[in-house]
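Below is one structure, written out as structure tokens, with a few remarks after it.
Naming follows writing order (A, B, C, D, E and F), and every chain is counted from residue 1.
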Amino acid sequence: MQQPSERHRRGWEMLKTIDGEAGEHVVAALQDIAPDLGRYIIEFGFGDVYSRGVLTLKERELATVAALAALGNAQPQLKVHLHGALNVGCSREELVEVLIQMAVYAGFPAALNGIFALRAALAERTAATPAG
Amino acid sequence: MQQPSERHRRGWEMLKTIDGEAGEHVVAALQDIAPDLGRYIIEFGFGDVYSRGVLTLKERELATVAALAALGNAQPQLKVHLHGALNVGCSREELVEVLIQMAVYAGFPAALNGIFALRAALAERTAATPAG
Amino acid sequence: MQQPSERHRRGWEMLKTIDGEAGEHVVAALQDIAPDLGRYIIEFGFGDVYSRGVLTLKERELATVAALAALGNAQPQLKVHLHGALNVGCSREELVEVLIQMAVYAGFPAALNGIFALRAALAERTAATPAG
Amino acid sequence: MQQPSERHRRGWEMLKTIDGEAGEHVVAALQDIAPDLGRYIIEFGFGDVYSRGVLTLKERELATVAALAALGNAQPQLKVHLHGALNVGCSREELVEVLIQMAVYAGFPAALNGIFALRAALAERTAATPAG
Amino acid sequence: MQQPSERHRRGWEMLKTIDGEAGEHVVAALQDIAPDLGRYIIEFGFGDVYSRGVLTLKERELATVAALAALGNAQPQLKVHLHGALNVGCSREELVEVLIQMAVYAGFPAALNGIFALRAALAERTAATPAG
Amino acid sequence: MQQPSERHRRGWEMLKTIDGEAGEHVVAALQDIAPDLGRYIIEFGFGDVYSRGVLTLKERELATVAALAALGNAQPQLKVHLHGALNVGCSREELVEVLIQMAVYAGFPAALNGIFALRAALAERTAATPAG
């Protein structure tokens, strides 16, 4: 419908870099019900905000994982961003640390649910990797 | 009462490194009403968690600022940690970025209130700096 | 036990108008464990508050859907009220709009989870409708 | 307008027992803008819920203080209920404990802000007590 | 720096229609610290989302007021949007209703703090109106 | 690795007293991903906080259940603590009461989800009890 703008192209590349197939699936799942919400995620979320620089993508994902674990109302998005964080270079150990830190600021349940989401995300990656 | 343990000493040094006088004031303000809460902040928050390594202190503060801005129920602590983030090497520009990113995950009011807290923290630091 | 009061009768009619069978199921599910909570929902929630007028039922449901999507801690109730909103005349398109608006005030995860709850509610209604 | 019902009378007595003048002020402050909200607080909050028995008023106030401190979005109501808890027999030490416990479940900022609200409430009571 | 786009122009007009001077002040207050956040509010919040149609502006403001009162972490933005709601045709009585409804879904403290914010907003408007 | 300290031993006994096998499972589930988070739960949560006295364990669990139901972002932990509350002497009726009270402070969805978690916890205990 709309010509892909520069924001759209930049956002789509950024979304693929960070979230990979999981991000594409979220956008695809919106097509029949709220395609503009998918467009805003691409254009505003990734085309505007994630593309700003100053912070590295790794730092942005650490901050996102911290916020989603603290809020605790967005488990599906937390899992997508734990994958995103691993995709842009965060190690498993670094993600454990940022989630443990949430025990201090948002309480142990937030930290625990974050750790269990990380364990599930790591298991998915192992399952998806063909044995050598 | 209790002999300062190794956790306590390590936590106290860490608290002073990160939060400086603002952190000492929080602990002092608890002495007459809930001194053990101050002790837990030092021993658990700073002696156990902030001292774990793996993440840099700068990364820990970016995550903390993200979480406190997203939660939105802890404005005094957000301001303490914006100072803490500046103390351990985060730039004003990096803090603006992490707060703008919260607009995506926690909504524009969370981002706005975070930015206004940052502006207040920066003004305090300017006011506290004697002119050369 | 208690004689149904005028509040109770009014609330029960209102609950059936808005939430239909889904509302009746919630009240029934409380009978063996906390029947008074079901009674308060009928008498206070529907008999007192929903019956107040000034706003149309459609406006009340738009506000309820907005709040539940923003809070994000009440997915089962959000789905009940998406059905309720459709029952009292909100269109699918209007519900998409109110949920997209939540991206601005509560963040994209809140909007996304709301949209996916709407998609599930719409699918349930399609499944429940016999083909002509 | 409405004849005070039994629920209303029971709720009003309960509100005065628990919250004293602070509770009466909240209801009075609603008279010009939303008097029915004050009525619902009296009739539903105090006439229905607080009057149910099974738990002591002290246990109800400990639970209320815990919830309000954890939620963190209701500082004025937290202070009213810290007074209420002291009015129905909770000690200062017990309130410190329930607030410290919130550090575990809702994070240290929630606990800290609760403790500082308690300190403010205790100071108000001292100020209001004429010296012997 | 950037040429005002069509989104920007549309958003700026919409922001002025809804929030009037209060909205302009928020954007102005961001100029020295995070001007892009102001730009995103204009372009995404008002240029994209508020301009979508389907819902009336009045319905959008009722939903926004509901969400901000329920979340409870955004009192300054709640007051801006109570003014916005009055600006686009919501009556004082309708706003009282949507806030009372929040007692059911987010608890009485959320409703109470919303009502007191409304009272403050109404007082500001009275103060700003020259006597005839 | 670390010698179990007195805090650790005290915390482990307390965790077993309150949460029984469910608590041990949570700690065990953390062993391969974040064992230190399990250690902090034992040492800080149970060794420091739950062991403080002043409040009875029953009062601590009532407060915990209230907070977790109000926050609404920690359903797995809510269920663990409903079992914990029953383990330390809270009756089913008392837990119903504390959850109904949350309708007043956190809204009916929080109360409803708490009651349904209680129903699930009670069903698990019935299933686990061999018929005489």
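Assorted remarks:
In this text, a contact is a pair of C-beta atoms (placed from the backbone, for glycine too) under 8 Å apart; a residue touches a chain by one contact, two chains touch by 3 or more.
The structure presented is a predicted model; accordingly, all values stated were derived computationally and were not measured.
Note on connectivity: the fewest chain-to-chain touch steps from chain B to chain D number 1.
Ranked by distance of CA centroids from chain C, the top chain is B. Taking each chain's centre as the mean of its C-alpha atoms, the one that lies farthest from the centre of chain D is A. More inter-chain C-beta contacts link the pair A-C than the other of C-D and A-C.
A separation of 40 Å divides the Cα centre of chain A from that of chain D. Distance between chain centres (mean CA atoms), chain D to chain E: 30 Å. Between chain C and chain E, the centres computed from C-alpha atoms are 25 Å apart.
Separating the centre of chain A from that of chain E, both taken as means of CA atoms, is a distance of 29 Å.
For chain E, the set of residues touching two or more other chains reads 36, 40, 44-45, 49, 52, 68, 70-74, 77, 96, 100, 102-110.
Chain contact topology: the protein chains form a complete graph, every chain touching every other one.
Taken in their complex, chain B has these residues touching chain F: 36, 40, 44, 48-49, 52. Remark: chain D residues 70, 102-110 touch chain A in the complex. Interface of chain C with chain E (complex): residues 44-45, 49-50, 52, 54-55, 59-60, 62-71, 74, 77, 93-94, 96-98, 100-106.
Partner chain E is touched in their complex by these residues of chain B: 71-73, 96, 99-100, 103, 107-113, 115-116, 118-119, 122. Residue ranges of chain A in contact with chain C, taken from their complex: 26, 29-30, 32-34, 36-37, 40-41, 45, 68, 71-74, 76-77.
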